[in-house]
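Let me begin by presenting the structure, written as structure tokens, before commenting on it.
When the chains are written out, they are named A, B and C in that same order, and each has its own residue count from 1.
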Amino acid sequence: MKKKTNLGNRLLIGIVFFFLYAPILLLIFFSFNDANSSVIWQGFSLRWYTKLFQNQLIIQSVYNTLLVSALATIIATIVGTFSAIGLYSMRRKFRNPLMTVNSIPMMNADIVTGVAMCLFFVAVLGGWNYLAVNYRFTVNLFGAVYRITFPQLSLGFGTLLIAHITFNIPYVILSVSPKLRQMDKNLVDAAQDLGCTWVQAFFKVILPEIMPGIVSGPLIPFTISVDDFVISYFTAGSATSTLAMQIYSMTKKGVTPEINAVSTILFVVVLVLLIIVNVREIRAEKAAAKRVY
Amino acid sequence: MKKLTALTLACTLAASLALTGCTIERVDGTSTGGSSTDNGGSTDNGGSTGNTQTDGKRVLNVCNWGEYIDVDLIQEFQEKTGIQVNYQTAESNESLYSLLKTGGANYDVICPSDYMISQLIEEDMIQKLNYDNIPNYEKIGDQFKGLAFDPNNEYTVPSTWGTLGIISNKTMVDGEITSWSSLYDDANKGNVLLINNSRDAFGNALIYLGYSVNTTNEDEIRKAYDLIADANKRGIFQGKVMDEVFNKMEQGNAAIATYYAGDYLTMYEVNPDLAYVLPEEGANWFVDAWCILKNAQHVSEAEEWINFLASTESSLANMDYIWYASPNTEALEKYPEYYKETYGEDLDMDLYNIMAPSAEVLKKCENYVVLPEETRNLYNDLWIQLGL
Amino acid sequence: MKNKRSLLAIPYVGWMALFVVAPIVMVVIYAFTTADFSVTGENFTRMGTFTVIFTRSFKLAIIATLVCLLIGYPLSYAMAREGKGFQRVAMLLIMLPMWVNFLLRTYSMMSIMENNGLINQFFAAIGLFDLINGIFGTDIQYFKMIGTQGAVVVGMVYNYLPFMVLPIYSTLIKMDNTLLEAARDLGADSAAVFRKVILPLSLPGILSGVTMVFVPSVSTFAISRLLGGGIQMLLGDLIEQQFLGGAYNPHLGSAIALVMMVIVVACMWVMNRFGEGEEQAVML
């Protein structure tokens, strides 16, 4: 597009960003409030930050959130990358219906996904528990008899992770697929003709080609995972709480500035990380530009 | 395609087996009594494998109301017993019931109110307690034992009690509030907060109309519904709230709300313009009690938890934090003294009487009992209709 | 199958069948049964009662989507015309708010819009209410915002605007400059260039953005609860109420979810026919 800056554009951008950031700045501001309030300012204090680290419930929920998001993103990236390659190699007849299914978790309303998964997990685990209670296996191994008892299961970290992986995979596939389509189809065949095995062709040809897609892929699913409330709410069960669930229960009785504090920390950490990454990229680009001349 | 399906199924099965961490015990005669456990992928916070003590860590899943415990007590309990407490909150008795019924939750110990306890007993969802393991049960006052929800004292250990009355902001209403009618009065248009659960909301209307809160007469309930629905149409209500009431009342965003006495006292600490009244028509008083669920997997931990909270020290600390009266007789008597020791000033006895009203006052108040299923369904239907 | 590589998709196909398709089948089963799992259509015949909520949800979601489009398109357009460095920063700033949980952001919005919130306090401080009361002889101390449908729409726009900007912006920056020059050279004025070249080329982004704003808006329950004061009930609230809320009935809840899903899918289908040929949503 034609690059032209004018005041009107800048003004529009400024106003929208003010709208987006005013509530965030406000809550960051009140995390330093001495009083337990997000309306009345009573002087600067760091006491909510100290209190935060003593609050096991919040710390545990932050840990759960980051862990589930990180695991889900990693697994989804691996599975998603392979699946994208698989889907890309399929005939259209097979691929198109699968791409439709792929878009379900993204296009479906969160609450429907959450409710559906909740019903499904409860039914499956209910069946499992019934079996676990009523059937016990004994195994005769090297002369000793062992009894295998299957534990009773319930919704928890495992189901939460499954749910997050499920809604993360489609985003990974979406970011990898375009790179695959851009790739020269003959490259792989050429590699194999030249004696590469299937696996070698994958690592030496396909992977480097689609790397940009894989690298930029996880950011969005990870962000969405961290931000997710509705699906977690329906699949996390009673023993696991994510930060979002913790916040939801607090939005009712009044959010304490501890939550503002933890959000401020997260916000600043991400901001710093993104700045570092971007500065590096800019430097790399500049270095690359210099090399050309 | 068949092969693929089989492969996928096999993979899933293998993965699920690896993740669930099944227990393998030696059961033949040569066993030394020790059992080897294989806790493959089980997460240490009790995660998806809610099984007992695979890795020797004791866990307890608690569900309580929001803002209903001194958080330090949880910490103290964990340090004292080494039991890890997974603490979650529910919003109202009805949503707790949904949570249990959906099957999404596997709590061990919960703290429902009187009428909900009856319903849970009726549906065989909670288990009888072994009071030998809860010695502090003795300290609970007799007036809280043998109540309608647990006539033979088999299922529950009372944890808190109080009344449901009207909270108003003196600077925002004219004159003194004495009647439930103020909830439906045009004078307070747009400034009334309706309580967001069917039992309490209809209960208030029923008392105002002069009916029993436990009526099963459909006409009476429908009249109560009409009263609320009509007020809603006239724009009297600013919103439907449960714990959101704290912020709204504390910051003067609404003039009138119905809520529980203990929570009023918490709000009063922040905003001294607030007043609490039990209307002349009468009101509701409630008892919340600890129960252990039928399918609880950590019963002994749950008993320890209940016993810990029923002790006089915990009751005092909790009462001081949440402002709900404890049924522990000793704690109830000692509280003014405790207050003086902690804060170095006398407790305002007016506040104490709001927190723990005398037997005389309670006589004017009615306790909820469980309603028959038919009436409950009517409540549900009308409640949904009200939201339209 | 074309070759062995397509086998790589098998675990994924299994996963999706198990965790995407099977759960939806469960919803369908629940929707057509009663509490004791006998087949019934009763859950759907009751749907008429909820027409008000269906209408309200779709109305508010459509308004929110339109507002997002009206703000989001010019914004993306403006961003795409900036320099590379500016664009980079702007993109960062669009994504960054998602790192503060949306519930907390909405909660913050709530404290801004309360009767005693920042906006009203600001208006009171500059004497706006005195002025109005002086002119019209009224007696108002605040503008009522919480509990109104307007507040819910503001909350939706606030939360979902980035989902409109991202896809539109990414189609705009991919646009080939030479095309625009060609159009100009062939005598099109800037309005015509926009209408005949830019708009059609960015249509996939618009469609994708509209979907990504409309779907969460129509099904939200946290926003309506916080900003609508609980009296502006939306479909999300209704469904949540049946599962984890105050009126337990997962069968009715499933039926409502199913009807909502069908309507949404129908809307998307009709809409996507305009963007014919585009294989998938543009997101990155």
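Note that a residue touches a chain if its C-beta (ideal position, glycine included) is under 8 Å from a C-beta of that chain, and two chains touch if they have at least 3 such contacts.
Note that the structure is predicted; figures quoted are calculated from it, not measured.
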Any chain that touches chain B and chain A: C
Centroid comparison with chain A (C-alpha atoms), farthest chain: B
Contact pairs, highest-scoring chain pair: A-C
Between chain A and chain B, centroid-to-centroid distance (C-alpha), Å: 34
Computed distance of Cα centres, chain C from chain A, in Å: 19
Approximate Å spacing (C-alpha centroids) for the pair chain B, chain C: 35
Chain A residues counted as touching two or more neighbouring chains: 39, 118, 234, 251
Residues of chain C whose C-beta touches two or more other chains: 7, 10-11, 13, 111, 116-117, 243-244, 250
Per-residue multi-chain contacts in chain B, two or more chains: 91, 102, 104, 241, 244, 247, 251
Chain C residues within the chain B interface of the complex: 7, 10-11, 13-14, 17-18, 49-50, 52-53, 111, 114-117, 144, 146-147, 228-231, 233, 237-238, 241-250
Touching residues on chain A, where the partner in the complex is chain B: 39, 55-57, 60, 64, 118, 121-122, 125-126, 138, 144-159, 161, 234-235, 237-241, 245, 249-254
Residues of chain A defined as touching chain C within the complex: 1-5, 8-10, 12-13, 16-17, 19-24, 26-27, 38-39, 79-80, 82-83, 85-87, 89-91, 94, 98-99, 101-113, 115-120, 123, 162-163, 165-166, 169, 171, 174-175, 177-178, 198, 216-217, 219-220, 223-224, 226-227, 229-230, 233-234, 243-244, 247-248, 251, 255, 259-260, 263, 266-267, 270-271, 274-275, 278, 282
Complex contact set, residues of chain B against chain C: 4-5, 7-9, 11-12, 91-92, 94-95, 97-99, 101-102, 104, 190, 196-198, 232, 237-241, 244, 247-248, 251-254, 380, 383-385, 387-388
Residues of chain C that touch chain A when the two form their complex: 1-13, 15-16, 19-24, 26-27, 30, 71, 74-75, 78-83, 85-86, 88, 90, 92-109, 111-112, 116-118, 158, 161-162, 172-173, 175, 177, 180, 211, 215-216, 218-219, 221-222, 226, 236, 239-240, 243-244, 250, 253-254, 257, 260-261, 264, 268, 279-281, 283-284
